[in-house]
Amino acid sequence: MTVMEKIEEVRDAKWFSNLTTIIILAYASVLGFKTLGEVETNYSMLLKLADYFVTIYFVFELSIKMVSEKKFINFFKNGWNVFDFVIVVVTLLPLEQSGFAAIARVLRVFRVLRLFTSRPELKAIIDMLIKAIPSIIDIVILMFIIFYIYAIVGNFYFSELPSGLWKDFLVSMLTLFRVLTFEDWTDVMYEAMDVYPWAWLYFVSFVIIAAFVFFNLFVAVIIGEMQKLQESDMKQEMHEDHLKIDLLLNEIKALREEVKELKKE
Amino acid sequence: MTVMEKIEEVRDAKWFSNLTTIIILAYASVLGFKTLGEVETNYSMLLKLADYFVTIYFVFELSIKMVSEKKFINFFKNGWNVFDFVIVVVTLLPLEQSGFAAIARVLRVFRVLRLFTSRPELKAIIDMLIKAIPSIIDIVILMFIIFYIYAIVGNFYFSELPSGLWKDFLVSMLTLFRVLTFEDWTDVMYEAMDVYPWAWLYFVSFVIIAAFVFFNLFVAVIIGEMQKLQESDMKQEMHEDHLKIDLLLNEIKALREEVKELKKE
Amino acid sequence: MTVMEKIEEVRDAKWFSNLTTIIILAYASVLGFKTLGEVETNYSMLLKLADYFVTIYFVFELSIKMVSEKKFINFFKNGWNVFDFVIVVVTLLPLEQSGFAAIARVLRVFRVLRLFTSRPELKAIIDMLIKAIPSIIDIVILMFIIFYIYAIVGNFYFSELPSGLWKDFLVSMLTLFRVLTFEDWTDVMYEAMDVYPWAWLYFVSFVIIAAFVFFNLFVAVIIGEMQKLQESDMKQEMHEDHLKIDLLLNEIKALREEVKELKKE
Amino acid sequence: MTVMEKIEEVRDAKWFSNLTTIIILAYASVLGFKTLGEVETNYSMLLKLADYFVTIYFVFELSIKMVSEKKFINFFKNGWNVFDFVIVVVTLLPLEQSGFAAIARVLRVFRVLRLFTSRPELKAIIDMLIKAIPSIIDIVILMFIIFYIYAIVGNFYFSELPSGLWKDFLVSMLTLFRVLTFEDWTDVMYEAMDVYPWAWLYFVSFVIIAAFVFFNLFVAVIIGEMQKLQESDMKQEMHEDHLKIDLLLNEIKALREEVKELKKE
């Protein structure tokens, strides 16, 4: 058994992926507890240590994964490897000493995202979520058009309202997003109705249209998934049966012809 | 290749529909940025220019679509063409000079709706949404009856409450719509309970009944779509198989009869 | 054609049910507009007239339905007839002259419910909604147990809070219903957390458990309906096919036996 | 009939489980009414009596269930029996006399949970809910990662905000849970935007990501259940048919060969 084979064995071992998971979780806990004010001073030493350890471990783990590939370039053909690589490299940058210490500290948190790569089930769910995006892309465009028109109209009429919720186009979009989540939307409406009594039409129509589109999006996604389910192997088998039954009929008819000929002899 | 064929080719070309999409999006951006206060003065010239350009482009595009039809009247047989035509004509009206400048500026926004016609996928979704309306029309009537009765009762008892949320029939309807979205509905309830301690019964029953009807509407729509899915080609094929198997049985029985006759000879 | 047959013909006529629908809608509009303060004085005469007319029309319509039955008792065997009868009788009671004028005015509104009986589609939806109740009855009991336990615990710990949201068992139930609709539930939580810092556990667990039960209720109802759909005629046909294919196999085997005997001869 | 058989008969009798249900409901009502302030003094005697009675009844009922098992240890092999046993034992502890009277009173409420064991339908629903947990466990982990990262980032930037909604890691998690339920989430956002104008990006992205994950979780659960439904007996039957049709074809081909041989003779 060569060194190469040993490295490959380690890379694919269950205990190695479990070890990575545990180290990330431990690191996440340290980061989480650090924010509790009272323990900060005592634990800042621990945090620094954990930080160094995790950095070294991540570089070590990544090296194993890289070395075990036959061709170096293959490593980057897997999207998840690129994801791991970017996280490790970004958190290696010596930003702490420079003026970007604050950014460095925030970036550190994204290391927790590596939990995805250490748990195959989560990888599968993320893949599924990404695959679900195209099926809703047109609804997103439709939503954007509805938001756009309502934002322009809202900004045109309500821009002078004292709350400043419609003061420019982007703020109007944000206000409409808030109305969509039903978050104190009547406060926004009543303020507009004080100046324009017809404003309820604007808000009620927006809520109904947006909710109706959402409702149908939901149903459409479920039906789409159902269709995929039905077009699976079961349907395939059924279609084969359909063709074979025709074949059967022809066979029997041919057989009958032959028996008839037998009779004539 | 005649001029007519050339026009038709342009009309159906992918680059022509893409060009229209890009022009609408660019125009939408100009309209959107215009509302950001700080850039208004600098960009008002740009806006005017964009406005003239889009008006001319839309007229030009519509002309191509009209001219390329063999019979002029066919153009108006397609609902989407009528939709385009109305938007272009309405935004052509010289309202800016008259006293309706404000309305003209709002109407301009509806040009963005032409994105629907330039993107076939969005046309399909809009068609789907319109087709989904009849399947919920009776639930809408049912909702209206529930709203109506609660609005009359609410207006009868709560019309004197200081908030004025029940001061007439239409305002009561609006208040009930608010309660349906769970938007600060307890504020409305607690105010009513101060005068009528039984008011919680009115609100809780409304919330439960309205939510129950909605819940069932949702399930009904999904089940309805599923039924359509099952009644598709797959079911058709299965039914054909069902009939053919009967045919097979009869064929084989006939064959057996003939073999029996053979034996007797 | 006897008088009896003529009455039956009128009862089943489409125009008769449409007339009833229009009269109810007109009456509903009069009731609705009456509540708009400014028109009340002018329209109170109209309202009285509409009231008399609708009362007479309802009695007339009900008489036709009653008379056209062969046996008088059959009329009451249909639930919807009983529903009509109760509404007409209750609104006939001379409560206006007595001290219950207010109740009489509210009861009048329930006449609009007769829209259900005049539109067959709505009858069907109501029947569907009633049929859907048993499938969720056990979830309702489960919800009640969750509410009950949380209400008792909440009332026990939080009854002294200044807002009075937990002052007795029934008020606690109402407060929990409010929390379930996410209506300002953090206000309730933060108030409790001021005294009991662990209170977030009470609220977050309640929200998660209640939402989880609801979520599963929803999925269960959809799956239940799907199962009914699959157990329909399609499945029936498939099962028949399954049995017939066995029959076919036996027939062919018998046939082969006979051909073999032929050969031996 | 031995004493043992009689005990078993009682244990399985419908009237015995109904009696238990009624006693628990009566006890629950007494507990509920006790909390209504005005009746407390009059009913405290009744409550004490009900308490003694229920304690004795529960011990009696449990004894019957224990005694009727052939092997004593079998009793504890059923999870629901263990559940009953724990509730009865815990409420038997003489905590009233000790310093834990308050805890004892709260524990008493959990006796109502025994409604689950007395109604088989509820047992089934609870079993279903518990079975549904594994299918969402990975989504829960995913949700946790999203919450974790947003909590760390939120706590890092917003910890100094006057509302104290981000003052430590756990409070940030609670605040994010609140944002997820759309409960006054804009108040939280507007406060953050006063200091960091880009904060809307943090909140809007969290709402969209969390809602998107939830939405897909929902669809995934429904589709998963559908798949189970399709893989049931119906699919089994169809697959058998598929194999039998192949068998049929082979039989007929063999038959044709034999007829051909007949002809040659």
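A, B, C and D are the chain letters, set down in written order, and residue numbers restart from 1 in every chain.
Methods note: a residue touches a chain if its C-beta (ideal position, glycine included) is under 8 Å from a C-beta of that chain, and two chains touch if they have at least 3 such contacts.
Since we're looking at a predicted model, the values are computed, not measured.
Peer 1: Give a one-word verdict, same or different, on whether subunit B and subunit C use largely identical residue numbers at their interface, taking over half shared as same.
Peer 2: Mostly different residues: under half of the interface numbers shared.
Peer 1: List the centre-to-centre spacing of subunit B and subunit D in whole Å, with centres computed as mean CA coordinates.
Peer 2: Centre separation, subunit B to subunit D: 39 Å.
Peer 1: Between subunit A and subunit D, what distance separates the C-alpha centroids? Give it in angstrom.
Peer 2: 27
Peer 1: Quick one: which residues in subunit A touch 2 or more of the other chains?
Peer 2: As it turns out, subunit A has residues touching two or more other chains at 182, 184, 222, 226, 238, 241, 245, 248, 252, 255, 259, 262.
Peer 1: Which category does the touching pattern between chains fall into here: line, ring, star, complete, or other?
Peer 2: Contact map by chain: ring.
Peer 1: In their complex, what parts of subunit C are in touch with subunit D?
Peer 2: Per the touch definition, subunit C meets subunit D at residues 138-139, 141-142, 145, 148-149, 151-153, 155-156, 159, 167-170, 172, 182, 184-186, 200, 204, 207, 212-213, 215-216, 219-220, 222-223, 226-227, 230, 235, 238-239, 241-242, 245-246, 248-249, 252-253, 255-256, 259-260, 262-263.
Peer 1: Sort out for me which residues of subunit C touch subunit B in the complex.
Peer 2: Where subunit C meets subunit B, its residues are 28, 31-33, 35-37, 105-106, 109-110, 112-113, 115-116, 119, 121-122, 125-126, 128-129, 132, 174, 177-178, 181-184, 218, 221-222, 225-226, 229, 234, 237-238, 240-241, 244-245, 247-248, 251-252, 254-255, 258-259, 261-262, 265.
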